[in-house]
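Okay, handing you the structure first.
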Amino acid sequence: MNEYFTPGDFLVLKPVILLVLFGMGVMLTDLLLEKHNKYFNAVTALVGVGFASVAMWMIQSQMNRDGAGVYEAFRGAIVLDSFSIFFTWIFLISTAITIIISIRYLEIEEENHGEHYAIILFATAGMILLATGMDLITLFVSLELMVISIYILTGFLKRDRRSNEAALKYLLLGAFSSGILAYGMSLLYGISNSTNLVEIQSKLAQRPAGDPLVMMAVVTLAAGLFFKIGAVPFHQWLPDVYEGAPHPTTAFMSVGPKAAAFALFLRIFMVPLGPVRDQWLPLLIGVSIATMTLGNLAAISQSNIKRLLGYSAISHVGYLMLGLVSGNDTGLKGISIYLLVYAFMNLGAFTVIVAMRRRDLIGDEIDDMAGLMYKSPTAAVLMVIFLLSLAGIPPTAGFLGKYFIFLSLLETGHYTLAVIAVLYVAVALYYYFRIVSVMFMREPIDKELPSMSPGIRVALGVTAAMTLIIGIYPNPFIEFANRTVLAVMR
Amino acid sequence: MPLQLPAAFQPYFWPTIFILIIILVFPLVAGYIVLLERKVMADIQVRLGPMRVGPHGLLQPIADAVKLLIKEDIIPANADKWVFWLAPVISVTAAFVSFSVIPFSDKFYITDVNIGLLFITAVSSVGILGIILGGWSSNSHYPLLGALRSAAQLVSYEVALGFALIGGLMVASTLSMQGIVKAQLDAGMWFVFYQPVACFIYVVAALAETNRAPFDMPEAESEIVAGYHTEYSGFRFSLYFLAEYSNIVVVSAIAVTLFFGGWLRPFPNVQALDFLRYTPIIAMIVLAGLSFMGAGRESRPPEKIGMAGLGIVCLMLAGLFAMPAVLTWIQGLFWFSLKVALCIYGFIWVRFTFPRYRYDQLMNIGWHWLIPLAIANVIVTGIVMVLKGS
Amino acid sequence: MNVLPGFFFYLLSAIILGGAILTITRRNAVHSAIWLIVTLLGVAGIYLNQHAEFLAAVQVLVYIGGIMVLFLFVIMLVNLDEAAKQRQFNHQWTIAVGCALALMAELAYFIVKGRESFRFGDTGTGTLNPDAAVIEFLKSCRDIPGLGPGGFLQPNTELIACALYRDYLLPFEIASVLLLVAIVGAVVMAKKEI
Amino acid sequence: MPEVTTAHYIFLSTALFTIGTIGVLTRRNVVIILMSIELILNAVNINLVAFSKQLLSINGQAFAVFIIVDAAAEAAVGLGIIIALFRNKETINADEIDLMKW
């Protein structure tokens, strides 16, 4: 069978293979570990992420040396271009940070099993494949690998009812949406007699305008993808799952899987559905307005901080979709930058929440943060930075993402949309500021300090630094994002 | 063709005849397997076994069948009647459907599809539903426990069974049952010699799949009364019974087909052993001789006559087989039945030789030993095949 | 001969849809499961009707012999007699049925209107998608009896093997990781103490 | 009897898809919701096999195999979660899974 696969095919997948191998390794070494040194699992998993990063780096530099813009493998099922490389880095970083912030949390919850880290690694492998996949079947299977891993991570605190319920809700709605997505994919296959996205694109371009079968495919695919990224009206699962999941898992899935789902979203809408852009554009505009509206307005009345950030995540999805609405270079660049920045600031904010989990306190109510300024000034100040960045205030990084997206809207003449989006930024400032005021103005309700383990310190340092660096010195990152755009537009 | 059928139905003529033969004859065969089991059990326990009905108890199965059919049919209070009725039907249907692809000989088979073995595996996994639903619908504790145990056991051992079959399939490189037999003809070797480990795993897993001792947990009388069919009686019970014995025949038939050369005679490629084709005649003559000897030893006249009659029937069969056309036709069927009968004898022998395993031991054997061994066997087979291929 | 596939299609459709409707309306979860099994068997029949034998066998083996047994197991573990006596449908059922009917109408409209979109341009010419190389490869493995009558995808099992181990080797490997995750996850979730 | 075309199969799958959707949206018993999801996945498979036959391409059937794999994985994890939930709270009603607002 050598004519079909070369070793090069597998070399392109080296990061994924390493992640899967380390995932299995974690489960095996877990059997040898005593109860008190389970943290070693996290070390193994981190080493795995490190190896995967090195492998990714080597592939990338190889690619630069070759001058090849793109590596194809497995007969076009996998395409490693700067788009997927960009997303792979987001995934690897968010995975590493999730691993280091989970250690103390799982110890407190007494659920520190090796399987947690193994499943995180498997989910990461699924995410990387999702960003690199160019084939319907590959995309579907890796999507399922990712989401099924996250169902399990969501329900990992199985003695906690909230965790169970969140996992069940997520699974039911997730499986439902996967079914809808698969239906759309089956129609795409039927229309084009191919599972390769690029071939589908060329076949779809030949269909007559307003072909009902294509329209049906667009509707079902869009519905499935809206579920996955959490856009209105398919967002109901998101706040519940964010609230019920263990804190580190919430941090993880608000970043990595969300970016992966968005990568899938971009790939599907840009590549196979590219030729029928005029069919889905009105749908997308409506959904993005609804998403921003609901996300921002519902966030105002929340008392649970994870829920609040969940609604804020919904509103961010609304902004991100605007980049696709404008659909030009600037918009896509905006999406890439936004997702990169979002990874850091959101992980940072959730890391602070993870630190709030103490022996007898779940720490996810806004009131639990009362007087954080007096107990742990560092955490409080960093939280302010993250929240400012989420709101999109310069000089933090969050500004950059919003800037490019709004710019793209102006460039393509969507002035009304731009005005609406800017207005909602003001609303967002209001509810983010509520958290700040609780941290600074209110007296502490108890004396117990946040559990600032070394892992959490590192995570906070990295995320805060990156949030500021990208905001102040954005050029290299914009450059990186530019190449991404070229890849996806080709 | 005896009567002129429309062309559209021509392909369905012989299969329909074969289906009718199997459906009509098999219950009788199952009855005689039960008799065989009781006789072997008696022999192992140094008793005589059933002797009253007919000579040497040869009519016992018919008496049993009549008893089961005229028994009162009890449905437990608060049972889910609909499901209670359905469950044994599922079991027996699943068991019978498997016969549709079993190659009794090169001429006597209902159909030969290119997914034959997979089809049998699939259909027999449906049979589990009959057990679960039967246990559940009885609305009683023992059946429910028995059903859950049974289902867990069947599902667990199905994995090992599947992997063992894959080992054999890799050598045969076809799923068609006739194709597997022909592959052995081409190889000039029974696949048991290529795949001894797979054969061993298959036999162990098949014992568990058919709920036979030493894995007869689902119906361990000393622990859970009679398992999933505790509440069943009369005709419904006999359906379960029929399903169980047809499953035994099916798994034996698969073992024979996949590992022991199916309907091929021993050493099919050795010309010097061609005289083996006369074995059916010789076997019938030997049987006739045994019957006549038995008739001589009987004391009561009716039984004397019965045995003698049996001997005469055997002689007539021998004469029939002596016709060349019939002999060719009967070849495969004879060898296949002989091998299956030996296999069933082995099953019965095991039952009365080994003690029953405890439930946790049983699960341990399945998960800790059989499945890893089966997977290792598949991997080793694959490696060897790749090395040989290149 | 030409009548039979059509007849089976309508028969199986009736079985599938009837079974599906009964699945979602039965009070007792076990009855639902039984009707679902009927539906799944009907779907397996549809596969057979389209000469996808391998898929039919896999459908029976995995769905009915595996997934449905699992379902029945769990229903029996968690089945509460009260559950069957309670209200079976939630409050938004009118809205939901309305939505679903609208969806159905919409899809039906699309299909009826889009009749011509089912005239697939690049097919029906009798050229088989499994390119000549595949057929050569198959023949090199073993003698195969050509491609079946009427241009059906035969030999089905071998062609699927080709697709799975060549064209879709990567998803096949990913699916193995997916199943590993599912096994680990099911054990983590269902076991009291890991 | 008119000839059965691919459109017939698509219509069957659409109907099955709709029935599954109604099941997911209206039932309270989470096990039955999971079963409805299986109905949806079967609708997808009917589509795929019909297209596969129409296009004379085996890829659709390969896709269907992956959908079945996915259905198995989802069912296993889902039923595991249901058991975990049942252990903490003796219910399998979707409406009683209400610790967080829907």
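Note that the chains take the letters A, B, C and D in the order they are written out, and that residue 1 is the start of every chain.
In this section, a residue touches a chain if its C-beta (ideal position, glycine included) is under 8 Å from a C-beta of that chain, and two chains touch if they have at least 3 such contacts.
Remember, predicted model here, so these are calculated numbers, not experimental data.
> Can you list every chain that touches subunit A and also touches subunit B?
C
> Does B-C or C-D have the larger number of C-beta pairs in contact?
Higher C-beta contact count between the two pairs: C-D.
> Taking each chain's centre as the mean of its C-alpha atoms, which one ends up farthest from the centre of subunit D?
With centres defined by C-alpha atoms, farthest from subunit D sits B.
> For subunit B and subunit D, let me know how many angstrom lie between their CA-based centres, rounded off.
Between these chains, centre-to-centre, one finds 36 Å.
> Distance from the CA centroid of subunit A to that of subunit C, rounded to the nearest Å?
Computed from C-alpha means, the inter-chain centre distance equals 31 Å.
> Taking the mean of the CA coordinates per chain, how far is subunit C from subunit D in Å?
Here the centre of subunit D sits 9 Å away from the centre of subunit C.
> Specify, in ascending order, the residues of subunit C that touch 2 or more different other chains.
54, 58, 66, 73, 107, 111, 118, 120, 123, 129, 156, 167-168, 171, 175, 178, 181-182, 185, 188-189
> Quick one: which residues in subunit A touch 2 or more of the other chains?
In subunit A, residues 137, 140-141, 144, 148, 151-152, 155, 158, 167, 190, 193 touch at least two other chains, as defined above.
> Would you please write down the residue numbers of subunit D that are in contact with two or more other chains?
Within subunit D, the residues that touch at least two other chains are 6, 10, 17, 20, 34, 50, 54-55, 57, 59, 62, 66, 69-70, 73-74, 77, 81-82, 84, 87, 94.
> Draw the chains as points, connect those that touch, then say whether the picture is a line, ring, star, complete or other.
other
> All pairs of touching chains, please: list them by chain label.
A-C, A-D, B-C, C-D
> In the complex, go through subunit C and note every residue touching subunit D.
It is residues 3, 5-7, 9-10, 13, 16-17, 20-21, 23-24, 29, 32-33, 36, 39-40, 43, 46-47, 50-52, 54-55, 58-59, 62-63, 66-67, 70-71, 73-75, 77-78, 80, 83, 86-93, 96-97, 99-101, 103-104, 107-108, 111, 115, 118, 120, 123-124, 126-130, 151-153, 156, 159-160, 162-164, 167-168, 171, 175, 178-179, 181-183, 185-190, 192 of subunit C that touch subunit D.
> Report the residues of subunit C in contact with subunit A in the complex, numbered from low to high.
107, 109-111, 113-114, 117-118, 120-123, 129, 165-171, 174-175, 177-178, 180-182, 184-185, 188-189, 194
> What does subunit A use to touch subunit D in their complex?
136-137, 140-141, 144, 148, 151-152, 155, 158-162, 164-169, 171-172, 175-176, 178-180, 182-183, 185-187, 189-190, 193-195, 236, 239-240, 243-244, 307
> If you look only at subunit C, which of its residues touch subunit B in the complex?
Residue positions touching the partner: 1, 4, 28, 30-31, 34, 37, 53-54, 56-58, 60-61, 64-66, 68-69, 72-73, 76, 141-142, 154-157.
> Quick one: which bits of subunit A touch subunit C in the complex? Just the residue numbers, please.
That would be residues 1, 4-5, 13, 20, 24, 27, 73-75, 77-78, 113, 115, 118-119, 122, 125-126, 129, 135, 137-138, 140-142, 144-145, 148-149, 151-152, 155-156, 158, 167, 190, 193, 206-208, 211-216 of subunit A.
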